[in-house]
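Following this line, the structures themselves.
Same chain, two partners: chain A is paired with chain B first, then with chain C.
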Partner chain A sequence: MTIKYWLDLYAVLIRSSIRSRMQYKFNFILGTVLAATIQIAEFLMISIVLNKFGAVKGWSLYEVGYLFAVMTLAKTLYRTFASDVHHLERYLTTGELDQLLTRPVPILLALMSQNIRLMPGELLQGGAILYWSMHGMISSGQITWLALPYTLFVIVTGGVILFSIGLATATVGFWITRINELQTLTEDAAQTAVRYPLVLYPAWLRSLLLIVIPVGFVGYVPSLFILRGEYGSWLVYGIALLAVICLVISLRFWKFGLTRYQSTGS
Partner chain B sequence: MKNTLPMIEVSGLHKQFRTPVVKEGRFAGIRTLFTREYRMKEAVKDISFSIQKGDFVGYIGPNGAGKSTTIKMLTGILHPSSGEVKINGINPHKHRRQVAKRLGVVFGQRSQLWWDLPVKDSYDILAHMYKVAPDEKEKRQGEMGELLDLKEFWLTPVRKLSLGQRMRADIAASMLHDPDVLFLDEPTIGLDVTAKRSIRGFLKKLNSEFGKTILLTTHDMDDIEQLCERVMVINHGQLSYEGTIENLRDKIGLPTLIRVTFHGTYQLPAPQDQCLPVELGLDAERTFQIVDAGSHEVHIEANRQQVKAMDILRMVSGWGEVADIHMEEPDFEDVIHRVY
Partner chain C sequence: MLYFSLASKAYARNLHYRGAHMLHNVASALFGYLYACIWIGIGHDRPLGEYGVHGMIGYIAFTQASLWVTGFITNGLGIPEAVRTGQISLDLMRPVHLFVLCMCREWGQIAYQFIYKSLPIYLLYMVLFRLSLPTHWTTLLYTFVALAASAYMSICMNYIIGATSLWTTESNWLFWVNHALMNLLAGFFIPVEWLPSWLQTVSWMSPYPYLLYVPTRIYLGYEQAGSLLGSLAWCIFFTLLCLLVTIVVRRKVEVQGG
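Moving on, here comes the complex of A and B:
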């Protein structure tokens, strides 16, 4: 099994997944447009609030926008490439996972290529806000162009961290089957929380978002160096290492979880 | 080359499912949530068997007996609680992908194909997955397409196929990568007579001409009777019978029903009580039973393993003037019913 084989197969699966979606064109287009609208409305809300109050605990509107954009882009990366990992519950309750298990393909690859959802809305919104906030900070001399490659790197490591959290959460489903609410907690709520600077939160919540669910390392921690020059560039590489560790742990957990799969009666 | 090795080897297979005990009474829901009590349900208990290359084996049992659980363990979907499975010498739980490459799996209840795409596209994707060379794919697709008559719905999305068409498409798809072993879980469920016949014909051919090893689960005893050389019966998670269909019939020894109609009246022999064995006068073992005696008709049950039909007829003809005789062999479904 060469890398080329896997890449080819992934491409074939993605293509057929998109073709399947295109069978329902109206739903596909409407879904994309709606998602984009919701994203933009969400940010408008925040900017209105921030504009009214100016900075929060020493974080400017540009900086908060930056956190927001990095999180959106990392999440878009994660959800685009691993769409159905987030929807494992459906496979568990219907026993749909059976089919994937009879194929000579890693389950994760199969899940990652099913029901692919393109997220141009999120990409556009995240990109626009990132441009706006970084442009603002570069003009004011807070950061230099050097921040851009760091930011792109951090979006990728962030995507990996979010994927690891999502995978570990999904794996719990092999024991408890229904995981929707757990996902709301470890994914949706946690991701929304760290769109704001962590300094806003009490210490216990901060450590929760850094240690238990390391979602704080997606945008907040790297921004301490990238935007404010605190610590040093090692911080970014440390986060990359952390992302790899998270990934390895969650993959191990996933493999173990698969052996506990119970299927459904027929 | 591996003729001497069994294709499927199962030893001491167990599977337990753990479900929390549902509480009753006040706050039942919440107490269930926090309970540490579990009920262990043993779906499969200590099953061992082996299937040789080229065998066509039926795996039958009532609903909930553990058939599907066994199949799912054989295909690597479920991990056994203990015991071991080997497909062509390889353990599907340790090397799932390697085993999957050599397996064809068809679930009658659920399609393996891409629901929203034309049948053709599913085959293209599968060919990629199993690394089937293009010329090989064309060849096999042509073969299967002809045998199963796939052309008429080749470009139809799977979700729009009829059940019969879908089943044909599914079985052909499972053959695309030329697997050694085929697992079929209720492939004829819900099909009409014609569709069943065409699928049976095809399966027969796969086994006899292409030499595929096939394990079939079904509730349709005609499937078993027409296709399988061997049956395994599972009940309450345990194998209760394993062997040929003829042996199974013999073992159960269901009686043949003989209906004799007389012209006018007839005279039964001395012990006229129903259900008492009537001796043929040869030896004590050889008896038959009168189960029902009407004004013109007598119903007799006899085990053909013990008594010859001719002996019975000879005796019966002494009772009166025989007008008609009708014999019913035990139905295979009845045989199976007895095993369950």
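Moving on, here comes the complex of A and C:
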């Protein structure tokens, strides 16, 4: 069976998942509007502060907006295409994973195509902030149009990095079952942290966000080149390589973890 | 006595998960630490109003610890789950008012979170950021009353959010919207007086400042007991609203097929 076969199968599973969700149109629209409200409220929080006090440690409002938008879009990519990887705990505690194991598809593929949630709210909000911040920086001459393809590229590599972190965290669930608390640390807190420039944090926290949980490579590190021209374009390609390495490691860890799976006793 | 039993059962149930909750506390404390770092960064080369950098760290430490009393309470008081499983019909049949039933269970949860989450997180910040306690015991008393009122308001708000699950399966979004609005309007990260004036107006027209901003200002010694009157007014308003919502819920209830 070729990669094309699996990709086609994934596409079919995703389509059917979306169709089942679309049976509840009112809920879909309500969910979308409310998700966008949440995102805007979150961004308002930091933009109000920066608007009042100006730049923070040399990072302008546009630059922080850029970090915020790249993180939102990368996360949207990850959560849209690997929806229930984040919700593995539910499968582990209820024994639902057993059902997936009986299917003639790889378990990860089955998990990734369950309960797909389209996220237009996040996409619109992330896109709008990205447009606004890049427009501002292009007008002031800080960046050129060349920044756009680089940005789209790092959103994809960022999505891969976030997926790898999410998958590795979920895999720990095969040993400890309850992973919500761990996810708060490795996903929620880490992602919130890197929506702001890492220069704000002490060295130990910066190292943590770059080495232990490499979430700093989603937006902050590439922005050093894209927005500030530091290092060189090799930085972006280096990050792509890093994303692939993270993906391979997390997939191997997942495979190993799966061999340690014990179903629930209930 | 029944009410106390409901609350103590919820408290006891949580005690089993103390270990996992302590790990969660680390994550929660880290969130507050991140926000404190941002204020330290902003205050690096400019004064931060009447608070100053150290004052703002104290402010963030208090709001982050208080979130476990006023913010992170059970999504919709568990009503959405009860609607999904059909348990709601049994809950409505009980000889206890639905609002009182949900509220008592939640008080047990909040008491647990106050002792095992708010206090350890704040103690950690006290050591980490060298914060000190208020000098007057009355300040602590008023803060406690303000926090109790905000916990009650939060219970009422979540009761109403839970009730919407009878109409939509997406009521959990309202929980998160409520949370996002709280972050913005309740002075969680930015003191209300620093919001743009139109947003300040919106904020003061809503109950949100009484959830975090007012208790924090009382604790830090910027406000007196008089501001508790606002909390009291909102508590009365929400009580009436919850009673009204229960009447509507009783007429609406329909159980989703399993």
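Side notes on the structure shown:
Keep in mind that, in the parts below, the second predicted complex is superposed on the first by the 259 of 266 C-alpha atoms of A that agree within 3 Å, B and C clash if a C-alpha of one lies under 4 Å from a C-alpha of the other, contacts with A are read in each partner's own complex, and residues count from 1 in each chain.
Everything below uses one rule, namely that contacts are C-beta pairs under 8 Å (C-beta built on N, C-alpha and C of every residue); 3 or more make two chains touch, one makes a residue touch a chain.
Bear in mind the structure is a predicted one, so any value in this text is a computation, not a measurement.
Of the two partner chains placed by the overlay, only chain C lies in contact with A:Leu182; chain B stays clear of it. In the superposed model, A:Tyr237 makes contact with neither chain B nor chain C. Judged by the touch definition given at the top, the superposed model places A:Lys57 against chain C, while chain B stays out of reach. In the superposition on chain A, no contact is made by A:Phe256 with either chain B or chain C. When the two structures are aligned on the shared chain, A:Trp6 is found in touch with neither chain B nor chain C. Of the two partner chains placed by superposition, only chain B is touched by A:Gln99; chain C is not. Between chain B and chain C, it is C that contacts the larger number of residues in chain A. Overlap of the chain B and chain C interfaces on chain A: residues 24.
Residue ranges on chain A touching chain C, taken from their complex, read 24, 26-27, 30-31, 34-35, 37-38, 41-42, 44-46, 48-49, 52-54, 56-57, 178, 180-182, 184-185, 188-189, 192-193, 196, 199-202, 205.
Partner chain A is touched in their complex by these residues of chain B: 17, 64, 68, 72, 75-79, 93, 96-98, 100-101, 103, 105, 107, 109-110, 112, 114-117, 121, 124-125, 128-131, 157, 185. Across the complex, chain A is touched by residues 20-21, 23-24, 26-28, 30-31, 33-34, 37-38, 40-42, 44, 46, 168-170, 173-174, 176-177, 179-181, 183-184, 189-190, 194-196, 199 of chain C.
Taken in their complex, chain A has these residues touching chain B: 5, 8-9, 12-13, 16, 19-20, 23-24, 95-99, 101-106, 259-263, 265-266.
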